[in-house]
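Before I ask anything, let me first share the structure, which is written out below as structure tokens.
By written order: A, B, C and D. Residues from 1 in each chain.
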Amino acid sequence: MSNVFGRLLRLTTFGESHGPAIGGVLDGVPAAVSIDWDAVQAALARRRPGQSSLSTTRSESDVFEILSGVYEGKTTGAPLAFLFRNQDVRSRDYQPMATAYRPAHADAAYDLKYGLRDPRGGGRSSARETANWVFAGALARQLVPGFEPRAWVDQVGPIRLVGAEEDYAREAIEASSVRCPEPETAAAMTALIEQVRSEGDSVGGAIRCVLHGVPLGLGEPVFDKFQARLAQAMLSLNAVKGFEYGSGFEAASMKGSQHNDPAKADGSGWETNRAGGLLGGISDGRPISFRVGFKPTASIARPQQTFDRDGHPLQLEILGRHDPCVVPRAVPIVEALASLVVADFVLLQQSRRL
Amino acid sequence: MSNVFGRLLRLTTFGESHGPAIGGVLDGVPAAVSIDWDAVQAALARRRPGQSSLSTTRSESDVFEILSGVYEGKTTGAPLAFLFRNQDVRSRDYQPMATAYRPAHADAAYDLKYGLRDPRGGGRSSARETANWVFAGALARQLVPGFEPRAWVDQVGPIRLVGAEEDYAREAIEASSVRCPEPETAAAMTALIEQVRSEGDSVGGAIRCVLHGVPLGLGEPVFDKFQARLAQAMLSLNAVKGFEYGSGFEAASMKGSQHNDPAKADGSGWETNRAGGLLGGISDGRPISFRVGFKPTASIARPQQTFDRDGHPLQLEILGRHDPCVVPRAVPIVEALASLVVADFVLLQQSRRL
Amino acid sequence: MSNVFGRLLRLTTFGESHGPAIGGVLDGVPAAVSIDWDAVQAALARRRPGQSSLSTTRSESDVFEILSGVYEGKTTGAPLAFLFRNQDVRSRDYQPMATAYRPAHADAAYDLKYGLRDPRGGGRSSARETANWVFAGALARQLVPGFEPRAWVDQVGPIRLVGAEEDYAREAIEASSVRCPEPETAAAMTALIEQVRSEGDSVGGAIRCVLHGVPLGLGEPVFDKFQARLAQAMLSLNAVKGFEYGSGFEAASMKGSQHNDPAKADGSGWETNRAGGLLGGISDGRPISFRVGFKPTASIARPQQTFDRDGHPLQLEILGRHDPCVVPRAVPIVEALASLVVADFVLLQQSRRL
Amino acid sequence: MSNVFGRLLRLTTFGESHGPAIGGVLDGVPAAVSIDWDAVQAALARRRPGQSSLSTTRSESDVFEILSGVYEGKTTGAPLAFLFRNQDVRSRDYQPMATAYRPAHADAAYDLKYGLRDPRGGGRSSARETANWVFAGALARQLVPGFEPRAWVDQVGPIRLVGAEEDYAREAIEASSVRCPEPETAAAMTALIEQVRSEGDSVGGAIRCVLHGVPLGLGEPVFDKFQARLAQAMLSLNAVKGFEYGSGFEAASMKGSQHNDPAKADGSGWETNRAGGLLGGISDGRPISFRVGFKPTASIARPQQTFDRDGHPLQLEILGRHDPCVVPRAVPIVEALASLVVADFVLLQQSRRL
């Protein structure tokens, strides 16, 4: 369960950032689908560290190997296994942390849970895992014709994008390495990230994502509401602290007469979309929008007060190479997780009709 | 999947508010547990409509019947089936809505998904389903000695509780029918709810919940992070629009040097709890805190513009009886869902060690 | 898991024969299906005790109550919950067995597993559970147009039916209460059953079942082979000791040149069906045939040597009322389980294609 | 589902015999277990083709690579991924079969199910998959101290081993390459296999397996009976046509007074074990015995009448290299599958108690 996502389109992942490889098995892919591998590679490139001065300089390899499930360019219906070999593994960087607990990291929790842990790079909590997700999400997206997930950076530290929410073009988003579609806000965000990096610090942020072209009627009424699966997916991302969809937490301040989306006068649908495209947990044809909040990267260069496995206090300086702000690189990851949710629901919905 | 919650402690629910009964099967309950039925009944009483002037006057029956799984007062290890007979079913109230789509309701989505729907009371989207959850959650809580979930109303409309977050006593919370532990804020919230009711309107709100006594090491590193399962559970609640834990969305505005919980000087743990008791998806012994945002009740008495199944525009007045604000009654539901998550993780963790 | 059967069409059952009720929740039934309730009732009547002098005289009630999932005669897509109230509960009959272990029963195993047990009627091991299966199977069968499972008694004690295997008509099967389609064999079987009953003894037997009209391509290549799911289903029946399909155990004695089904000369298919309609775990359009072997009923009237919970030896006479041979009444149960397998695979297969 | 086995100890496999690699992910392995890799390698060696003149000469590689889940010789609780690179891939051998359907093979069924197939070596139906199972089973076995599965060849063609069933020593079994523990029978079986090979033919057989040291109380009362999971596992093996446990199909011929295992006079247990170590689906401490029947290898060298994808009749000669009798090499596979079942139940049982 812990390492599986999805019901009918099921991604099982494995791997530690400092072991031989990471990878996964994507099961439930229908047969005879021609995969656009360039699109997969492009999604991985958007996630890769070192794309810009805003991200860590670790040069992770994005070269994937397909081990099964594809024959002459088409899926066969067999499980599609893939792996990414690990390279540039500088385990030395992690040596001081073999027993020390990095503040705001999973180190202590792993020791509590398992009684031991692999100190190299955080084990399963490594962000390298997200390469598996981006790979699988890029395949999943191709199973749903007309579906397009589009995410962007909505907030970096206190700087928040103000404006229309559902109409940003991919080009505008990708125009800046911070992936905020509004140029002036993007510039301010970039400056802030550069500044916290120079201070050996990090900063949080948020991502908004809109799902276009989601088929009607996806999601289940009670425990597998569309938003519940989306939330589960997003909270699987390491630094995520919150999820909201449609009107989100703002709805808490509103009255029903303000919040209920009124119908169009001609009865052809709803005037607004505070529902976020979901009613009763089910997609109704409107764009599905949600927002995800991230904490600042836990690994900062500044010396921090901590303790070790034996409870001895100590001061720790985290070496390694870490993004000062994770949100720009998290944009394709959010899109990938959403794609896995959507494709899984599409297959599930096919089993719901005779 | 749609109607099942949990992996090892599994709740399968059924029932529509205007059918003969609702109920469920709770499977995976260990044998030989003596259940405190008074505690179960007390939890149900806290959820019941008509407890106060703030809630709907529907007199749902809280009388449950146990069909299996208990012998001479103890669980037997067999599935525990239970049901609540429906009473006071006024289907007439719903007649005008047989074809009209109530704004911000699941009506249209159900028609899209299933091609037909039971128009009486919303079918599976009825809030009566939550009686099943409260019942099962009250049992689940008893499987984890020392565990106490404690939730309260944190916000009603624009009125938000300010203050310490982890120390409210159950008595303070239950002192007011609005379930806000701070008397003056509670009074203001109550006044606001009374006002929106008199206006035929409704209002949103938020709940904070703190889980005390959660065993160490619960939660899984990748796809079953504790917070991911909590989020999934909370987003299963009809009116919920957002979930955040620990520092939540506020973390987006912060720097790492501000956000990382520093260690205590003596190495005995962490000074603060912005982590919300969870690191890497795993419980670390600190209280686990989260917050859930609710939209205003969709059913309001005011006439609303909508359309019907055939796309004809019309004006709708929703009769029936509806809470002007759902958050006070949602407090025990949030606790129940959290209890199901915790007990399930406890059983899962037992299978993780030899 | 223990109380759930199926992946997409999922039956969750509950209940003990001497508790208030047994029942289940059938989830995943597509919406808008008109159920033929007479067919359901007819299937239950075929399973009922006391149909003939060959079976126990317990007068179990077959009256089911539908609690949810049906509106105006059609399924709604919501979980379909049903229950059978228990009647004629003679707990007294079971009193002597509160601590004694009945030979060849689950009593000792339950004590080992759970540390306690409900001694009334065997708890979850009661054959009354199979009423739930027959009910759900009769619904499942209706989800697959053209599908017809047809089972008959193939063996009672040493008496075994010889002859063609795939062409018995339902009328021939149901012509005798022993459900063997060949009149002379049926008469011999009946005489044997009457004889063992008069001796206070019981006798084993076997059932052959042929599934007609199974859609092409059902079953999965590796771990969910059609035959693997069938075997799992059949071995869930209390007295079943063996399962074989197609040529079965006889294949062990054969050479490949004898066993491989040869093709028809015109290339339109295979000449024979030693494959049993399944190749590589997947249905290929031929009838699917399998055979199930049952041990003699464990509850016999003769005094037996046993021991109790504390290891004290004792002699036990089992009162109660028990079938001297279970296979005639197991015929509709085998059909029901097979129907659940087939309908589940149909839904799964729908999710396998885009 | 199709490619996953187990509930808590979950094996997900992938790979085609003529693709780059086969492998799997074993999830749910508890942390801090020191794995005996020599035992794993030894189990693989017992399964390997070309061990003796009785088996195919394909020189599959048994060299596995561990990709994750192990650190400094111990499991970490993370998913354990492994792979076997494919070598010696003679795709040419399979060319004539690209469109022809081999009799008694899955070829036609795959075309029906998926609309296309990978003709090289049978895709997912390749017996090479069983290397994954043997690997995982050898690990699983190490999770259950004191557990020993012991299987042997019980039948080859019409030659069947007569004699005691639960006492054969590993040495006696492994003394002959046919893996029958009785020397004279082994010699006769060997002679028969050599003969059918020389005739370009194949022959069926059967395996008996006894599980020693299974913990008490494993198995679930209704749908996850121990024997049901065993049967499902065994019917996942390609050539398996039947499964029986304890007294098996012979029970069908018996009376209850003959079949019920009588208690020992001192009340210390049961005198015999026709129950096969399982009552009510639950292990009771006695050895668990079962038997598995295999059809003759479908790939025979003799020309066979078949047809192709377009329904054209043709005569086919299967080249490639194939075992004339699969049962000797299936012995470690049966043990491996049983080990996966047992270890999974052990973890499940741990979650059943508080």
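The criterion applied here is as follows: a residue touches a chain if its C-beta (ideal position, glycine included) is under 8 Å from a C-beta of that chain, and two chains touch if they have at least 3 such contacts.
Just so it is clear, the model here is predicted, and its values are computed rather than measured.
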Selected pair, out of A-C, B-C or C-D, that shares over half of its residue contact pairs with B-D: A-C
Chain pair with the higher count of C-beta pairs in contact (A-D, A-B): A-B
Inter-chain centre distance, chain A versus chain D - centres from mean C-alpha coordinates, in Å: 40
Centre-to-centre distance between chain B and chain A (centres being mean Cα positions), rounded to whole Å: 26
Multi-chain contact sites of chain D, meaning residues that touch two or more partners: 2-4, 13, 28, 31, 77-78, 113-114, 123-124, 221, 348, 352
Residues of chain D touching chain B in the complex: 8, 28, 30-31, 33, 77-78, 143, 221, 347-348, 350-354
Touch list for chain C against partner chain D, complex: 1-5, 7, 13, 101, 103-110, 112-114, 123-125, 129, 155, 157-158, 196, 201-206, 216-217, 219-225, 227-236, 238, 241-249, 251-270, 274-276, 278-285, 293-300, 302, 304-308, 311-314, 348-349, 352
Chain D residues within the chain A interface of the complex: 2-4, 10, 12-16, 19-25, 27-28, 31-32, 65-69, 71, 74, 76-81, 83, 113-118, 120, 123-124
